[in-house]
Structure formats: structure tokens, C-alpha cells
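Labels A, B, C, D and E are assigned to the chains in the order they are written; within every chain, residues are numbered from 1.
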Amino acid sequence: MRELYARLKALYPLGELTEQRKNLAFVTVPAAHLRDTLLHLRDKEGFTHLVLLTAVDWLEEGQFQLTYLLNNRALACDLGLRVLIQRDTATMESIHDLWPTAATYQRELREMFGIDFPGSPRIEEEFILEGWNSIPPYRRDFDTLKYAQEAYAERPGRVTHDPETHMRLQMYPGQHPAGK
Amino acid sequence: MTTKPELMKRMVKGPDGLEFEVDPLRDYYCEAPPTVMPGAYIQIVEDFFNWARSKSLWILGFGTGCGAIEMRPLMTPRFDAYRFGVAWRPTPRQANLFIISGYLSTKTLKRAIRAYEQMQNPKYVIGLGSCTINGGMYWDSYNTIKKLDEYLPVDLYIAGCMPRPEALLAGFEEMKKIIRTGKAEGANQYAENFAWYKANQKRVIHDWDMPDYNW
Amino acid sequence: MLDIFPPDRTQYPAKKADGTLDIDLTSGKYLKLWQGPNHPGITGNMSVELTVCGDEVVEGKTHVGYLHRGFEKLMERRTFIQVFPIVCRVCVPEPDFNEYCYAACVEELAGIEVPEMAKWIRAMILEMGRINSYMMYLGGQAGALGQGVIGQWTTYVRDLMLDRFEELTGARIYHMFILPGGVRDTLPDGFAGRMEETLCEVEKTLKDVYDVMFCNAVFKKRTVGMGVIDPSWLEPYGVTGPNARAAGVAKDVRKDSPYLIYDQLDFEPVTGQNSDIYTRADVRRRDVWVSVDLIRQILAKMPKSGAVMAPLPNVLHWQIPRGETYVRGECSRGEYGYYLVTDGSGYPRRINVRGPSYTHAMALLERMIVGCNISDVAALMVSLHTYPPEIER
Amino acid sequence: MSFKDVLSPFTAWKHLFHDPVSIRNPIGRAAAPRYRGFHQNDIEKCIGCGTCETICQNGAIDMVPVEGIQTKQGDSGLRPRIDYGRCCWCALCVDVCMTKSLNMSNIYTWVESDGDAFRFIPGVDKKPWDDAAHGYRRPDDHQLTGPTRLREHMPEMEPEERIGSFAEIVHGYNVEAAKLEADRCVSCGLCVATCPTHMAIPQYIKAIRDGDYDLGVALLYETNPFSSICGRVCTRKCESTCAARHEGDAIAIRWLKRHIMDQVSDEQIKKVVGQPAAPTGRKVAIVGAGPAGLTAAFDLAKKGHQVVVYEALDKPGGMTRFGIPEYRLPYDVIDRDVDVIRSVGVDIRCNVRIGQDITLERLKSDFDAVLIALGLQDGRGTRIPGSDQPMVRKAVDLLRRVTAGEDIGTPRQAVVIGGGNVAMDIARTLARLQKKQYGEVKVILTALEDLPHFLADADEIKESGEEGIIILDSRGPQQVVIENGQVTGLKTWKVKAIFDEQGRFAPTYDETDEQFHPGTMVVEAIGQMADTSLLGDALTEQLAWQRGRLQVDAGGRTSEAWLWSAGDMVRGPDVVSAVADGHRVAASIHAAITQGVQQ
Amino acid sequence: MTEGVHGIERLRGKTSLKEILEVATHFEESARDFYKGLIPKVSKRIRYLVEELAAEEQSHYDMFAALAQRTDIAAQVKAEIERTAADSKFSDCIHLPDLGDNPDDQAVLQYAMGREHAAMSHYGELAQTTPAGPIRELFVFLASEETKHKLELEKLYYETVHRGGGV
């Protein structure tokens, strides 16, 4: 893995290598160099299998992390390419021409994270959701519980008690909490 | 209301060269709302009907959620629900019992409503598992409904996640009892409170691209 | 078969500049036909939007989302232990891989060493689940071609296996048995004996299935040469599992990068050459034999006693340091994997479930379905062995 | 394609001759013994800690009050109600149940037309599966609430080492050990109601887990300005109601509190505690610089009142300083807590004895309110024959003199009467003094109670034994033996039974079992009482009394509107109860003097 | 020791149940008066104790007086002694203090216990020397009444003196 990293590093401005296990590592790639890196890995290094393409929302940092996980079956090792993109613009180059199956991943990311991949087939179409009317649900700032409570009726009558508060009310009725 | 292209009114030229107008929303759907089906005038006749109905529960083979997996054993020799007068049908038009087998995403809810409305009277609904009762483990999901009886009239709930085939069989027996005693009034309830059900349905189905009623 | 009835390409729609088909519904040449979600010829709750010309499919679009519950979102607001009960719900017919992959991810990032005994039990559960999944498939594949009896038999033996699951894990479908740190409990008394009886039933049924399904002129006629996945498609479409192995590539995570205790077991991945529906079915049928053998090996080789749970920190406030990992396993459909990102808090930052159906049922199916006959759509779809819930989660 | 392919499918017909595999009556078929079906709860065992509710990822569990179950120490009185419209039968609730009261039967059939019916309180609402014998029970080694049920080991001095000195025995947890111990807490909060001052225990334990010690200190000071002291010598009633004790050791709440205080520097504590509010111009006099007085002083000073504390002895701290030996509570720890209290503007004047140096009348006229928190500084005597000898001493007097650095004339052999913490304190103090002076320990401790009913902490008893003190339980003191005008020992009778069925004291003696315990000094360490002589006869007559104690209202106000009373003298001896009382009284005084209802 | 206790010797000559009860009633009366006289002497702080003791003696007085009025004394007494209280002798180990001016609570309690103890043993002794019959039963009854009272006092003593939470 280290040698591979050295070879890649010579070609592209990569970030630090994170070796998660002996056969799995992650490395950060600038968005502009992703396509070349992927091509190089696919055609020269035998990383022919696109395992997955997904995103992580680092809301606090204002970034989306796109993870392209590639697998080299002969070496039985995986390399994850991390691409950090701006959360507010959220656009990335499509790679559906390298792996047709990436189009599906990109459709999902578009719908669930609101990340655009211009040129990707059927990117505009609804994929999983139907008639979605809120911010993309996988974004961290989307509160699913709040949405669910507002949108869907629940069976009424649920009420619970906090043991600590309940005990104090029962055992020391009328007493104002000491020191507070 | 956004209408999909294939649902839009258009002129179509047939293979024979004749042009004709197609308006899917009008042509494919029925706009007449369901009506309450009164019982037989003579009670003993109604009792007979109910007895007969209870003997033939024909289930719509639409697996809406996880629970569908426990229906396969019922259709096969080990549990063999057929001997209890329970059968599965591939189309709503032949079925009278709709089992909502667990959670319903809003996308499936739309199809489930349509399937339900396509079923012939008398028809019954069984809700399977926690999800249909109060949301189950998807209680905080943005995409599933929590309380089935807001959207469809439910005659019976079976607890479990998911309920075992044996529990389902017990549910069928209970369902039969309810039908025999003439208490399975879900379909009439749906007709009576049609506006209320529709309002609830429309509240959660955002791309309502069909008329209110179809069968 | 394709040679006998070559498709009539003249009827095909032309391509537009952007590569999509120019289908003019008003032309009267084409018909849109929805198969699913409420349809007997569909695998699970999904649908395929077919555009047909005559009875030939010129375009197919897979539609999913009917089973979407937003798992990856729900997981983000549950603690690490609270995620454990919900992961299995991602895939109904073979839930254990979710439990295993999730547990393995968490264990890796939290630095937990799983006891030896737990690894063997996990492997056995995964193989039991694989048999069940294949049994569902065989019934479905035969059913898609009108052979109801196969489903009757396979569902029966699957049910016997569910009994084994029940006595071992305490549940039939969603076992919730493999949790981060190990497994819940040890084998019950006399389990191996009852397991052996069940395995004998499985073998007996497999022989019947072979005679009645695979040596069946009708089945052969309709599946040999049908729905071929070209070996060159494997990588671009991310094809894994039996779908790839039927095309002659011995892709099997159990062998390629052994997990749990698979390096201590003796087996060879099953492969086929023709990559058609028949071969894929046959690869799966033979894979059941492998699983049966693996379970026997596991029961013979596993330690007789030992802890089944590693000591866990108090799960009520379990925090895992920042990190990311991906753990995969070979499920009955191919590569199943979990991608877990943690941020040092008590909740996962992100979990992505990579199910094999994701690629198989979407891009691959859409490609394969073109040129297919309407009546073969169901058989083709089933032959890819896709489970919709793992696509949309 | 071959001829075989046409014939082969017909082999299916052989099944015609097989027995059917259908289950004859599948409804209600018994599930596997381990099957996770509907819940059962032993409501007698259940303590309503709500851990099941916390773990449930489906929000399926509500904690609800149940008729017939009273809230009491260590039992919230709540019981889980389960919503089968939410449950997923994962049994995490069973796995984390602190008492193993919650289980699952292997019954699985429940059908109902009414969707609202699927909510029930297991064990309370009668269900057909209540008595099912099988079902999911948590396997013994399946443990999710921490890797161990045992308390994290507390490093401390070995007996040989500690007996020779007055250095503090307990070293306190390091950060790692504290985190491990804090990790065992399930944050149920049952302890909070039990703690007299209702400290935010789960919250400050969480602060330890998070390593946020400033927050920890802030939480401690919300309810207890004596946290360093309580972190060492608190009677920790909280630990007796800890949910973890049902299957192991209670969380070491006291040590964790101490750990927080140990981790933060004095300056930082003062910074966290902050500065008092703007001066109100109101003045409060407090008599007695013990926990109750100083807590009240701290609260009142923080509210901006001018507070003067008068202490008769030469150092503040009260019984924490003069009653508790140094090896349990080093004096600099007391100084530290007092220092923080001073930092908010409390004026502590030592060596001022009210009634002698200043009269109470004077305080009444000079201040807006007066609080007396005198404590219980006088020891009770047994008054058995011979107990009027000079070498028969009171434990509290001896301890006070040891603290003051006086020579108490350490005897070579001593007999201590009493089974409480004070008795242990004096026995161990004498043991140390003996070791220093004579090189050997000869202390016998006799107590009326049998060992399980000792009032002293189990730790104290264990450590006393380790230090060479002979503990004789169930011995009733009968007579101090005097020969030639010198005390030579103590005669005791065996106590046959000490408590009656109601758990009240009703001793019976076995006179035939008489023992003689040699010793040149007999120390009485039984009860304590207050010396209220400073009130003077007139005021004593004027005040209302309640069974020997000053009659006070909930806020500690006496029948005289200007006078409040707090601490041991009204509540009985306990540091943390005194602190709680201090808070209550401070609130009452504050309300009174800011509303101008002062007479 | 005051005359009230030793005066029980006067009972030796009495032979009718009514007479004995009258004497016993008189003893209780004198004890009550003694405690009542003590009330102003002690600090107000512990006055409750003496008041309680006086009230206790008063209740004994009332009971004996009521008993004396009844015609079925013998049967009544028989029913009572079946519930004889056990003597626990805690007070045996305490020597009776001289109740000077301004006694403290411990002293008062000790005095009271000693008094009840003496009464108890005297009645017991009388019962033993009296031949079986109604009179003996009456002495047994009286002894048991004093024992019960002593027992209550001992509990109070333990809680006040030994159980830390003193006054």
C-alpha cells in the first residue's frame, strides 16, 4: 500500500495516507485530479472494481466528503479516495463513463445529499423519494424526527416520566431544589 | 399537482393510422367515490353472507414490507394456510383481504391505496407488526407512515416484528370471527369517512397525480 | 435461443443527441408497461418501467424506493448499540450480513477483538442465512417460470433452517444475534445433531430440485442462453457474487480476502461459464452444497467452549474515536459491505450500506432487459437475485 | 436437451408417497425456549431505573407510575410500559436491565382490532404470558453495561504502612480509573433523590467521562461547597440506592466526586465558582463554621449578602476538622473547601465564642438574620458503674484534642465502646498513637450491635480489623472495672438479640457470657449531643422545641423570626445532610431578608 | 430511690384484687406527680421527655383505675397476661443517678427505666411468692405492664443516647 501511495503521490497532489488495515487505506484527492487518479488506478494499478461511491456530510466544516472506494481483487486490497467539496455549491464531476454503475450512486447522492453531477444520466429524475418537499434528507441539518413528527400522525397517549424528577416530586413535594 | 408525461392528455396514432385522444387520468380512473354497502335486508341472510365471506379470505399478494417474508411459509406445505380457507391472489380484483405487511413508505402507501381501492367489496385490511400500529422501529423515519388507520381502515392488527406465521394464522382466525359477527366494517367506514381518509392521504403523499378515487 | 428468434432491430427507437432513446409515446409504436410493485413477477417491492415495442422491451427503468426507510439517516441518530437492532432490517431474506458487517466495522474502529468462539458461530449463521437466501431464490426462479412446486419444497427446508435459527438466536427472521463484540449466546444443547438433520433435508431437497428444475426441458429451453452477462460488463457494472462467478470469474470474498474463520475452512468458489440464467441458477444450487459442507466443517472444527462476547464498554455511552472503515462479506448475492465513518461521538457519523443488488438491479438490469421478451422479464430479474430493500435501504 | 430432461421432472411424483410435512395445528405452536416474545417484568424486583427506556432505540418504552408501587429510596416507583406499536423485540432492554427483572417470554400471539390496545405494563397488566416459563433471559456473561460489575479498585495504603502515620489512606482515582468507574454508571438518576442535597450525580459522572472537569466542578458547587470533604467522608447514601448494586458494586460516587475536585486547581475552582452578586446591604450572622453554617454562608454570600461566621474553635470546619481523623480527611482538604467559601466573600472569625465574647442579643441587633449551626459536639456517656472515672473518656473530646495537637496520654491498652464511625475513628486514632509511641496496637472495640447492624461503614470496619483493632460485636457494656483507683478494663455481657421485629432496639442479654476486656483507658463513642447553653435560659424558655431539638420550619427558621438553626443540631449527624440543610436555610433566610419581613 | 417504688412492699398484705389494684393505682399516681413536679426543673429542651413520662404514668393510672371499677377483674387480668412482655434488662447495666436540679435527658431516662425496672421486679417477685390464683395473676399482669413500659423506654434510650442522633 505504501509503494502504491508513493507511486501515486509522484503523479498527483495527494493528502496523507490513512492506513485503516493492512489491505484498506484512505487518501484525500483534490477534486480536479480525481478523474485522472481513478483512471490511473483502474487502468494501471488494477483497481477495476468500484465498490461504492458515497458521501459524508461534515456540516461543521462546511464540506461534503465523497468517498470513492476501489478494489483490486488480485491484491485483495481497497483504496478509498476522499474528495472534499464545498457544501454550499456541492457539485462534482460525473464518472458514469468510467463505471456505468456510478450513475446510480450519483443519482442517489443528488437526491439524498443534494450533490450535483452534471451530465450523469437521469440525474434529474427522482430515484428513491417521491414528491420530496424538504432539504435532502441525508444532510446533517435535516432533522428526521422533527420531520416525521410534523408530517405523520402518531398514536396519541404516550407519556413518560424521568425517574430522577419523578422521585424528587414524589419524595420531596413542594421542596425547591437545594442550592438552585 | 405535477403530472407525469405519460399521464398527460395527448393524441395517439394507432397502428392502423387512426388518431385518437388519450386522457389517462380520465380514462384509467374512476371518479365516483365508494359507497356504503348496506347489509342484507334479512339478518339471517346477512349472517349467511358473513359466514361465507369468513370462509374465503383471499389475500392480495402484495408484499408491502418485511412482513411479506413470513407469508411464504404460509403459502407452502409446512403451515399451509390454504386448509384454513386462506388463499393468495396476484391481483387486487380477486382479493378481499389486504395485508399491510409492516412499514409503508409514502411511495408504497400511494400504491397500497390504489390497490385497496381496486379491491372489490367486501374487503378487509390487516396491519402486520409494530410499524403499522405506531411506526415501529421507523418511528423517526421521514419516509414511512406511523399509524396505518389514518390512511386505510384497519380491521385487525397483529403484534410482532415481524409476526410469525403462527401468529398470522391466529390473526386469520380472529379475522374470520370478526367477519362472522358482522363487525368487519372497514370498507364501509372508508366510504363513510372518505373525505377524512383522502385528506390524511394527501397530507403525506405529495405528488398526488391521480384523481381521488380509482378502482 | 437468441439465434432462433433474432430481435427485430428495425423497430427500435433512435438515439437522441444526449444518448437517451427517442421514444415518442404518441407514435403508437411504443407502450409503457409497469411491472410492479404489485405484480407477481417482481422480486420484492420494486418495479420496472418497461417500454415495449410489440412484446419486446426496448427500454427498461428500474424504480425503487418503495421500501425506503432512510436507514442511513436513522443510524446517524442512534448510538452504536442502538444501530445493532435496526441493521438487520435492511435486508429481509438474509439479514445476518448486515449484523456481521456492522459489528465488524464497529469492532474494527473501536479496537475490539472478537472471541474465537464467536467467529465460528458468526460464520455458521452467515452460511445458514446463505442457504435460506438461495432457497428463496430457487423457489423464485422456478416460480418465475411457472414451476410452483420448487418453491413449495425450498420454502419448506428454509423453514426448517428457520427453526434452527430460532433455537439458536431466539428469532426467526430478524435474528439480532451478531452484535458488536461477539454473539449473544452459545449454541443450545444438541444443536449440532438437529443441524445435521436439517442439512440432510436440505441435501434431499437439492437433489429433488436438480431433478425437477435443472433437468427440466422447459426450464432449460427458457433459460439456457438467456440473459447473458457479458464478462466484459463485470467490472463496469460492479457485478459480484454468483452473477460474476457464473461468468467464469471466481470472485468470492470468502476466498479473496477471508474474513472470520473462512481461511480455516476447505472450499472452492463455485463457478460457471455460460453466464446465462441457467448457469447462474446452477451456480447458486451448487453453492448451497458448498454452504452445507461449510456448516458441517464449522460444527466439526469449532471450539467446544469459550466466551462468545468480548468485554464491551458501557453501551449506554459508548464513544468510538474518529475513523472510517469498510468491511465486506460474501453474501448470497455478492459483495455486501458496510462503510462506517465515526467522528469520536457516541453516534455513527455516517453508515453506507453497499448491497450487491444496488448495482445488479439498477444499471445492470436496465442494460440486460433491453431486447428481452416481456415474458422473460421476470425470469431475468429473478436470475440476478436482487433484494430491493438493500438498494434503497 | 435430452430425453432425460423430459422425464426427470416426473420424479416429483414420488412425494405422493411421503408423509405430509404440514404442522397439524400451527396456531400457538410452542416457540423455541430462547425465543424473544412478549415482555415479562417482575415488578417487585424492578426499581424503575429507566435504563430500558434509555436503550430502546424505538422509543417503545415509557416509564409510568403504577398504582400500589410507592416511590422510595432506590425505587423510582415507575415501571416500564411497552408500546408494541414500536417494539422490535431486540431485547436490548432485557440486556441492560439492572435488576434482571425484565425478561421476554416465548409467547408471540397477540391480535387485536383496536390499535390502541398494544400498550401494556408488563407485570402489572395481566397477560397470558406472565407465567410463561421459557423465553429470552439475559445469558450470564452477556453484559452490555460495562465490562465489569465490580468497582474500580481504589489504590490505598497497605495496613502496615498506614498504621504508623496519619497520612491519608486513600489515594484517589487517576483519570483512567475514574473514567472506567464513571463508565459503569447508567445515568438513571435514582441516587439524586437519595442524596440529601440532591447533587447532580449522573451529570457530574458524565463530566468525568467527557473529561470536562470544569463542568464537573460547576455541577458540584451547584449543590455542595464541601465537595472535597464529601468526596472523602460522605456517608454516601446515594451508593446504597445505586442501580448498579443489584448485580455488583454500586458506582463509587463518593470517590468520583473526590476525583473531580482532585483534578482541578484551586484557582480554577474559584474561577468556576465565580464572584458573588452585587451587594444587597443585608447582613447575616452565622454561629458555627461547620458544613451547615458554611454552606449557608456560601449561598448567602453568593447572593450578595454580607456574611459573618463566628467559630468558637481556632479553625473553621466544625466536626469535619475536629471529629474526623486526619488519615480519613486531611486538614488541607478542609482548608481548600473553606478557602473557596472565603473567596466569595464569607468572613469567618475564629476563636469567638458566642455567649462569652459576643452575646446572641448583640448579633440579633447587629444583623438582619442569625443562624445557629452548632453541631453535636458533646459526647454521650454510657453512665455504667465506674464510668465517672477520669480515664473513661468521650471519643469526640479525644478527637478534638488530637486535632488540636494535644497529648491525650495514649494508653498502652484501650477499650472503645461503640459501633459507629466515631468509634472507628477513635479506635484507629488510638491505634496509630499506640503504634507511634509503643510500637504495638492494643485496642479493643466493643459494640452493642452485631456486625451486620454496625452503624459504621463496612470499609471502616474492614480497615480497622486490618490495622489490628479487635472488634467484638454484640457486647453490652456492664461495668468499668477499677482496681486501686485505676481503670483496668471493661466488663461486658453478650447481647442475645438487639432488635425486635420492627427493627427497633430491644436488647436481651446473656448474663452467663460475661467478658472482661483489659485496658487502662475506656473510650465512650456512642451518641452525641448539642450544647445549646449559648442560647441562655430566657431564650431557651422562649423558643419552641420539638423532641429535644429546636423546632424549625421547613426552611430552618425557629419560633423566633430572627433566628434560624441548621445542621446536625436539628438533623442529626451527617456532613451531607448538614450541607443540604445549609442550602435550605440559606434559601429561607434569603427570602426573609430580601422581602423585608424581618421583625 | 423514692418511696413510690419501695412502697410496693405494702402490697404484700393485701388480699383482694380490688385492694391491690387500688394500691397499684396509687403508685402510678405518685409517679405521675413526681414527673409533673420535675417538669419545671428541667430545661425546656428536654421537657417533652418528662411530659411523656408523666403522660405514660397517667395512662397506667387510668387503666388501673378503670380496671378496679370492673366486676370481672379476674377474667380481664387473665386475658392480659397471656401477652406477657419479655424483660430485656438493658436498664440493669445502668446505675440510677441522683436526679438533682436540672437533670439532663439521659438522667431522666435512666431514672425512669430504673423505676420501671424496680416495679417490674417487685411485681414479679410478688407473683412468685403468691400461690396460684387470681391475685398471682394480677401481680403477673402488673409486672408485665411495667415491663412493657420499660421496654419502650429502653428503645427511646438507645435512640437518644446510642444512635448518634442525640439532642
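What we mean here is this: contacts are C-beta pairs under 8 Å (C-beta built on N, C-alpha and C of every residue); 3 or more make two chains touch, one makes a residue touch a chain.
Please read these numbers as outputs of a predicted model, since none were measured by experiment.
Of all chains in the assembly, those touching subunit B and also subunit E are D. Looking at A-B alongside C-D, one finds more C-beta pairs in contact between the chains of C-D.
Look at the CA centroids: the one farthest from the centroid of subunit E belongs to C. With centres taken as mean CA coordinates, the chain nearest to the overall protein centre is D. Note: the chain lying farthest from subunit D is B, by mean C-alpha position.
Measuring from the averaged C-alpha position of subunit C to that of subunit E gives a distance of 90 Å.
A straight line joining the Cα centres of subunit D and subunit E is 41 Å long. Rounded to whole angstrom, the centroid-to-centroid distance between subunit A and subunit D, based on C-alpha atoms, equals 48 Å.
The distance from the centre of subunit B to the centre of subunit C, with each centre set as the mean of the Cα atoms, comes to 29 Å. Touching two or more other chains at once are residues 77-79, 107, 133-135, 137, 139-144, 147, 161, 164 of subunit B.
Within subunit D, residues 21, 31, 57, 83, 85, 88-89, 115 each touch two or more of the remaining chains. Pairwise, the chains that touch each other are A-B, A-C, A-D, B-C, B-D, C-D, D-E. Contacts from subunit A toward subunit D in the complex involve residues 155, 157-164, 166-168, 170-172, 175-180. Note for the complex: subunit A touches subunit C at residues 18, 20-21, 23-24, 26, 48-52, 54-57, 67, 69, 73, 76, 78, 80, 99-101, 103-104, 121-122, 126-130, 137-138, 140, 142, 144-145. Taken together, the subunit B residues at the contact with subunit A in this complex read 106-107, 110, 133-135, 139-147, 150, 200, 203-208. By the touch criterion given at the top, residues 5-6, 10-15, 60-66, 68-70, 72-73, 75-79, 90, 92, 103, 105, 107-108, 111, 115, 137-138, 140-144, 161-162, 164 of subunit B touch subunit C in their complex. Residues 77-80, 83, 127, 130, 132-137, 139-140, 147-149, 154-161, 163-167, 169-171, 173-174, 178, 183 of subunit B touch subunit D in their complex.
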